[in-house]
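These notes concern the structure reproduced below.
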Amino acid sequence: MSLAELEIPLKTKPVGEAPVIEMEAVDKEFILGGAFLNQTFLKALSGVSLQLYRGKALALVGESGSGKSTCARMLARAYEPTGGAIRFHGEDISQFKGQRLQRYRAEVQMVFQDPFGSLNPTQGIGYHLERPLRLHRPDLRGRAAIEAEMLSLLESVGLRPAADYLKRRPHELSGGQRQRVAIARALSVQPHVLLADEPTSMLDVSVRLGILNLLEDLKQQRQLAALYITHDIATARYFAEEAAVMYAGHIVEQGPSQEITDNPRHPYTQLLIEAVPNPHRKMGVVPGRRATDIPLRTRSSRGCPFVSRCPKATSICSEAMPDPITVGPGHTARCHHV
Amino acid sequence: MADVTHTPSMTLLDRLDEAAIASAAPSQTELMRELRIKGRPGWTSNLPPSLAAFVTNPKGMTGVIVLLGLILFSLLGPVFSEYNPQRRAGKPHVAPSYEHVMGTTRMGKDVYTQLAYGSRTSLAVGFGAGLAAALIGLAVGISAGYFGGRIDDVLTFLVNVVLVLPGLPLIIVIASLVDSAGPLVIGIVLALTGWGWSARTIRTQTMSLRTREFILAAELMGERKWRIILKEIFPNMLSFFMGGLVLGTISAILAEAALSFIGLGDPNAVTWGTMLYWAQNNMALQVGAWWEIWPPAIAIMLTGAALVMINFAVDEITNPQLKASRKIGRIRRFLARRGRSADVF
Amino acid sequence: MYSDRVLMQVRNLTVDYVGDHSVARAVNGIDFDIREGEAFGLAGESGCGKSTVAFALARLTRLPGLVSGGEVRLNGEDVLKFDKARLKAYRWNEVSFVFQSAMNALNPVIPVSEQIMDVIETHQPDLGAEGARKRAVELFDLVGIPSKRLDDYPHQFSGGMRQRICIAIALALQPRLIIMDEPTTALDVVVQRDIIEQIVELKGRLGFSVLFITHDLGLMIEFCDRIGVMYSGELVEVAPAETILTDPRHPYTRALGNSFPPLTGPRLRMEGIPGTPPDLRALPQGCRFAPRCPHAMDICRSVAPELRAYPELRSEAACHLLN
């Protein structure tokens, strides 16, 4: 049996369709410390704008400290933006209160990185699926309806025989199975948006594709708007049609994922692609290149954050953050020297 | 279970020489026999795993049995005595005999009766204060850990105050302010001063648990905060709560005994501590009336020991490394037989 | 690049995990060689036993793990039979290790210089404090950290630099073999590349061998000379790195190689390996990979294949399909 080869359809954005959810020039600051009146603020996000469309996936690629997880948490309303706005179907989500907020919880759902950490070790799988159904699915009346829905959810994420899994505890399942449970939980409330925060980085290599393929199928079947966060640009290209590369809280390059990996224009993207393990070349030594830390941005930071590591940096780069420049169809990069 | 042993490959003779073949490991069944590991006994597998682990733990079960024995004694012991613990029952300082199984005190009261009735009070105060302290500690700890911010600041300040105040002297001061404090008052004071350590441990655990993603998942699902505390956080906290309960009880029993011993309790009450007080007062040891001192002393020691063993068992169950170390002896012998020593134990 | 002289021979190594009511055989009688100056990789997924092998070679097997059989030969001596005194001479002088969270295992309240000197003075006491300090300075130079930072505390360094410090500590007494268990997994990809390149450079200069363990097969192929692929406690294939990539012999190796989405070419749907590795307490009869193997034959389900050499490919594989 040979590997099924299906060209993944590259649908172009339907003209005029509005995004399901978007971030508009969002800033986010966290307090780092210091006394009253003299506090330092960490600027985790600076002017981030992105849009998620129905049935499409956007990959957010970056290393630790880039701000990609913060974006997801802000879309899930775990934090409030310090600047800019987040709009769901046009409405500003920070205005949501009470019942509207509770409904929002079901409209935007998240799958986390650690398959073990995202499940309560003292509760069975059935509990993890029952709670969301009880909270957000008043259409399911009675014990029987809820149980039927739980079984159907488990089957839709590939856990069969579903009845077996209900009673089990998380530690009895493998990493891949736990992640499927987490996906089932997220889907149980019929969300519009699915935020996947590094869903496969803690899984075995052979299991990752299974999970990504599952997410792809569910995304298409249910027309979800998906955000896929990863540090692995290869899986970003595999799973998502669009990709945005983040560095120190800024989106530095954005466009179709295939275009970004074939033709990276921002120096950071180029560095990232060159650093990814590539078995087709033998390890050579490039002397003198030493990676430094991703800088911490504060309120007073100016200019491009990549300036300390960029081979093309000039004086203008330390003074002003470049605006997005179009370098291809739907492909932008924020660099003065692109 | 399929017995899978690697058979040496004859196609690669140069790789597996005799020495390598000779050093081959025994098969899994042989290994189990050598280390004396039996297959799972039937009945415990029907219990939830943590309970099953506790029941098969020798330390834990010894502690539980001793404790149950003491509780039974406190409930049924008085039945076997026709004497009144607070009245003269015979001549003073009678050695253990047929009428007075444990002898009599200086005042002529029957020691066995006092011990039996006294254990009711001592255990009640101990468990009561221990439980109350553990519950207060739980409530404060979880709230401080989960809510954070201003609430955490206030509660941590309270916890630090309670921890910093020197326990016994504070209890002495309070007890002396309340005239002669009966066991109930002592119990209340112990509960109000003993919750600090428990609160701090639980707060730390809650804070570390709070960063786990299943809590965030519950919050993003719109679960109410009280539900999260009750059903998500607390079940993960059980072993710490149990530990706090056990240690709180031990310290409450000892503190009650100590307070009564130095005369701050109600001298007319009958507890193990007051028994010791009177024995001390009446110079029982110097007079040679060992039976007035030893029974309450042994009772206190037994209770403490039993509780500590239960705590050990809980620790062992929650820490798999501790559990495995029970087989160290057999593993060392296994290695010694092969001319090897342990790596790291 | 590397000689054909064998530095360490692992023969029939078996490691069990002792439970309350059962024994799980995590490593089932594996054999492989590490040559001088070579980077040998052990690839496989979680539960295959590769980390267990690393710990066994370093004599760091902790309960409930138990090395129940086999030999690990270094210069003709069996490392598994070393007593405490011989072990002390063995550790760090002949074999040292770098583990995944080593950078977090540095003591946060002790300056780094003291921690390095501690290791040196423990395993080579005749150097003395001054000699140890001098060596520490040399080591910092070796890994490219300015020696004026020698007395800083671990938290003052980034994650990547801390891992480099751990590598420096591993090199302190010029060992012949360094065992690295997922040394860069917790690091970002750019830092990872830096560190791996640094290791390659040092290896070329100083001539030590490396036992490199990671789940990232792509990185392993780039870095290692020979690779052993483990599945469920057994070695299923041992071959030069290029051969693993271009001509894998075992179905598992092939499937693993196909689990990495490419960075170029058309976006095609790929399949991973369905199913999960077997429970070590209830192993299938015959080949352990047979339940998930697309080419499984009847014989695969009854007879376990042995690791055989195929000299024309300079590789070894355990699969009935090849016979």
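Order as written gives the chain letters A, B and C; numbering starts at 1 within each chain.
Everything that follows uses one rule, which is that a residue touches a chain if its C-beta (ideal position, glycine included) is under 8 Å from a C-beta of that chain, and two chains touch if they have at least 3 such contacts.
As the structure is a prediction and not an experimental result, all values here were calculated from the model.
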**Chain pair showing more contacts of the two, A-C and A-B** = A-C
**Message:** Relative to subunit B, which chain's C-alpha centre is the most remote?
**Reply:** A
**Item:** Mean-CA-position distance for subunit C and subunit B (Å)
**Value:** 43
**Chain centre separation in whole Å, for subunit C relative to subunit A (CA means)** = 32
**Message:** With centres defined as the mean C-alpha position, give me the subunit A-subunit B separation in Å.
**Reply:** 47
**Request:** Name, in rising order, each residue of subunit C that touches subunit B in their complex.
**Result:** 11-12, 14, 16, 18-23, 25, 28-29, 31, 59-64, 66-71, 78, 80-84, 281-285, 304, 306-309
**Item:** Contact footprint of subunit C on subunit A as seen in their complex
**Value:** 1, 3-8, 10, 63-64, 174-177, 204-210, 213, 231-235, 237-238, 258, 261-262, 271-283, 285-287, 289-293
**Complete:** Note: in the complex, subunit B contacts subunit A through residues 212-214, 216-223, 231-232, 235-236, 238
**Fill in**
Within the complex, subunit C is touched by subunit B residues 1-2, 4-9, 11-12, 15-17, 19-21, 23-26, 28, 31-32, 35, 37-41, 56, 320-321, 323-325, 327-328, 331, 334, 339-341, 343-345
**subunit C residues touching subunit A - in the complex, by the definition given at the top** = 45-46, 144, 158, 160, 188-194, 196-197, 200-201, 215-219, 221-223, 241, 245, 255-256, 258-264, 266-274, 276, 294
